[in-house]
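Heads up, the thing below is written out as structure tokens.
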Amino acid sequence: MSNLFEKREFTILLVAASFALVFVPYFLDIPPLMELSTKMAMIVSIINAFAILLALYSQTKRSILRVGQRLHGWPYHLWTVCLLYLVAIVGLLFGQTSTTFLFFQYAFLMPAGAVQYSILTFYMASAGMKAFRARSPQATLLIIAGILVMLGQAPFTGAFFPPIEGIRNYLAENFAKAAAKMFSISMVVGAIVLCVRILTGNEDQAIGYTGGV
Amino acid sequence: MTLLTIPLIAEGKILGLIIVVAVFLITIYYLTSKKEIPIRRVAGLDAIEEAVGRSTEMGKPHFATIGVATFNHWTLAAIAMLEFQARICARTETRLIVPCGGSTSAFITRPVALDVVKNAYIAEGKEFDEIDMPFLAGGKGWAFGAGAVAMIQKLKPGGLVLTGQYGSVALHIAEQASQQGVMTIASGSYMGNVAALACASDYTMIGEEVLAAGAYLTREPAKLASIRTQDLLKFTAIATTLIGILITLAGSDFIIQLLGT
Amino acid sequence: MKNEGSNIYKFLSEFKVTYIYLLIFILTLAPILFPIGIPITTTQDTKDYYAELKTLGPDDIVLVSWNIGFDALMELKAGAYVSMRAIIASGAKMVHVFGHPEGPGMFPLIFGDPNKGTVGELSKTMEDHDYTEGDDYIVLGYIMLNEASVVSIARDFHNYVIVDWKGAPISGTFLDEIEDPADLAMIIDFSAGFFSEAIVRHMAMDFDTPMIISSIGVSIAQNKLFVDAGYVSAILGSTRGGAEIEFLAGQPGIGLQAMDSFTIIHYFYILVLILGNLAYFGYERHRDMRRTALR
């Protein structure tokens, strides 16, 4: 029986059945199938949530291994696993809205997240200084467009030179949106074609088998 | 606003159903045909082998990523590319490092990626050490990014292939890798990311180039031909847009009704 | 003279990025400490967004989806505060869901927690309008884990969600009136990009529910496609959108405060772009051509 579940064909069949269960009720008006599809979506959602148990196991195992073997960076792993269980216990005992639990969020996550997000500003500046070069006519046009959009984005420019808003809108509504539309279309088509390759067994890597290149 | 309704088919989804079924049939046709269709070179995908080669020559590890999202099309495409890179690394005895993490979904995607890499190594007669697929952090993309950057700064890989779905953390990793002199090949999962990564990376793959990677890298004629379906639909979209412009300028809303059917 | 010119370009080419970082830090901080009061204009997008908020009334129920963590909250909070105040003032009821694990931590910063005596940014507004948890707003918690969760919420709400984030049952509350998204007056999505598509696909598209999005800057182009398609009514864009809506609503706050730095940094970026290209044309291009010639 376990051999059946290990077979590639069985996996593909399972994928195809799951796909059909979502695809068919979406397009065809069959209420019982739609209910079944919704139930399956709920099951997937719950399984995803239980992945947190996988996380606990995986992180604990890895951290204990590194601490036990005193591998490079082991104090950080000790800190990680201690904090992991401390926050989990606090959350379970006192609730996610308790002051104690929120302390960890406000003391660690909030400042770290804000700093990380802000660092992107500096990266864009260094990219502007070092990477954005008008090496070709297209690059030059792109830089000019970028400058016009940034001028339009700065509120002060619009206050003393109103036409910049129109220029910015023109570039955003016509060029940026057109690129985004084409990106979306190509992405969707690529996803459907990828799906067909998976369902026909031509993309084994996606289902965990080594297809071979 | 629809042209027609058909019993049993949900309202407003007839055209969508036709398009999806058509794409299915055309792709299956190409997959089963013996046609050899020329596909343009995708610089980013061709550069993957070069990046691994660079790592091999420098005696440095090669970094690959699969993104921080759940099993969506980006992650699947990234896993296909990961398998390709794993095979080359195993063949050339280059150390492959695949930092994982960045979201709660990464707990599910990592075991699959690990399986794929291990199988690829076994196929080449080698063994993959699980320690080279570290789980950096779950639930927080920035924590993963910080960990990946720290690894890049310490190990200074020869190449980095940054694929899968990322938020802004991709720029963080790509920029740091670029500053360390790492050859970076990146793909953006949304427009804003593509623009930012294009500045920080040596090669950028845009949109469907990533999704076609699994077929492109195998170089199998049937799989390459399936990429033609993507082009056909894009040509159809372009034609629909042009015809739609003309029809709408003529004062008719036929095309809008058709697309809403 | 020729040497001095090429030295300037060489200087620009070799200018360390750490000094750029330092300048950015100073130029961001200084206007916050010493406000200038640079004027601001409002865009049509923000006006549309505000107009949508103004359509809400006491009989309406709004789904507020927080798909952001602390990081993106920094960018969107100006707009979030004004949006929430507008809804509270209209008397519409809210149901809050989180699509990010940091949502439960973020929420008390905004709404406070009356049970624990925590004061949030909107505590005073809620007090003034007698807007209370349970009667006027319910928080369902981090229930939007992935697209499957969005599907479950849209199609089978009362089987998927039974209790709120504190464990109190939702039956017997105003949520009894909600069978599916068609019963909602509006969906407001505070988005860092990942979940907006799922909500548009499974709620706005399938149930024709009006939806507005407050989006981070990099996702605006992507989210505007939904506006074009008619599934999303309006988009509030990033920090500038937050400042504009503060101006429109007459509620000056952190958004408008940030506009001085915002403007200066934008001009600084343009300067950096121009200087970088001057360095390229004045020095790097010739250097590279010399290197090629020598080979």
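By letter and in written order, the chains are A, B and C; residue numbering begins at 1 in each of them.
What we mean here is this: contacts are C-beta pairs under 8 Å (C-beta built on N, C-alpha and C of every residue); 3 or more make two chains touch, one makes a residue touch a chain.
This is a predicted model, so every value here is computed, not measured.
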item: Farthest chain relative to chain C (centres taken as mean CA coordinates); value: B
item: Distance-to-centre winner among chains (Cα means, whole assembly as reference); value: A
item: Pair sharing more residue contacts (C-beta pairs) when A-B is set against B-C; value: A-B
item: Where chain A and chain C are represented by their mean Cα positions, the distance between them in whole Å; value: 17
item: Separation of mean Cα positions, chain B and chain A [Å, integer]; value: 13
item: Distance between chain centroids, defined by C-alpha means - chain B, chain C (Å); value: 27
item: Contacts with two or more other chains, residues of chain B listed in rising order; value: 70, 104-105, 140, 142, 168, 190-191, 196
item: Multi-partner residues of chain C (each touching 2 or more other chains); value: 69, 71, 145-146, 221-222
item: In chain A, residues with contacts to at least two other chains; value: 48, 109, 113, 116-117, 124, 126, 132, 176, 179-180
item: Residues of chain B defined as touching chain A within the complex; value: 7-10, 13, 16-17, 20, 23-24, 27-28, 31, 70, 73, 76-77, 79-80, 82-84, 87, 104-105, 107-108, 110-112, 115-116, 119-120, 122-123, 134-135, 138, 140, 142-143, 145-146, 168-169, 171-172, 175, 190-191, 194, 196, 199-200, 206-208, 210-212, 214-215, 217-219, 222-223, 226-227, 229-230, 233-234, 237
item: Contacting residues of chain A [partner chain C, same complex]; value: 34-35, 38-39, 41-42, 44-45, 48-49, 95-99, 102, 105-106, 109-110, 113-114, 116-118, 121-122, 124-126, 128-130, 132-135, 143, 146-147, 150-151, 153-159, 162, 165, 169, 172, 176-177, 179-181, 184
item: Residues on chain B engaged by chain C in the complex (per definition of touch); value: 69-70, 104-105, 139-140, 142, 165, 167-168, 190-193, 196
item: Of all residues in chain C, those that touch chain A in their complex; value: 15, 17, 20-21, 24, 28, 38-41, 43, 69-72, 74-75, 102, 104-105, 108, 113, 116, 118, 141, 145-146, 148-149, 151-152, 155-156, 159-160, 165-166, 221-222, 224-225, 228, 240, 243, 259, 262-263, 265-270, 272-277, 280-281, 284
item: Residue numbers on chain A that touch chain B, as the complex places them; value: 23, 26-30, 48, 51-52, 54-55, 58-59, 62, 109, 112-113, 116-117, 119-120, 123-124, 126-127, 131-132, 176, 179-180, 182-183, 185-187, 189-198, 200, 202-203, 205-206, 208-213
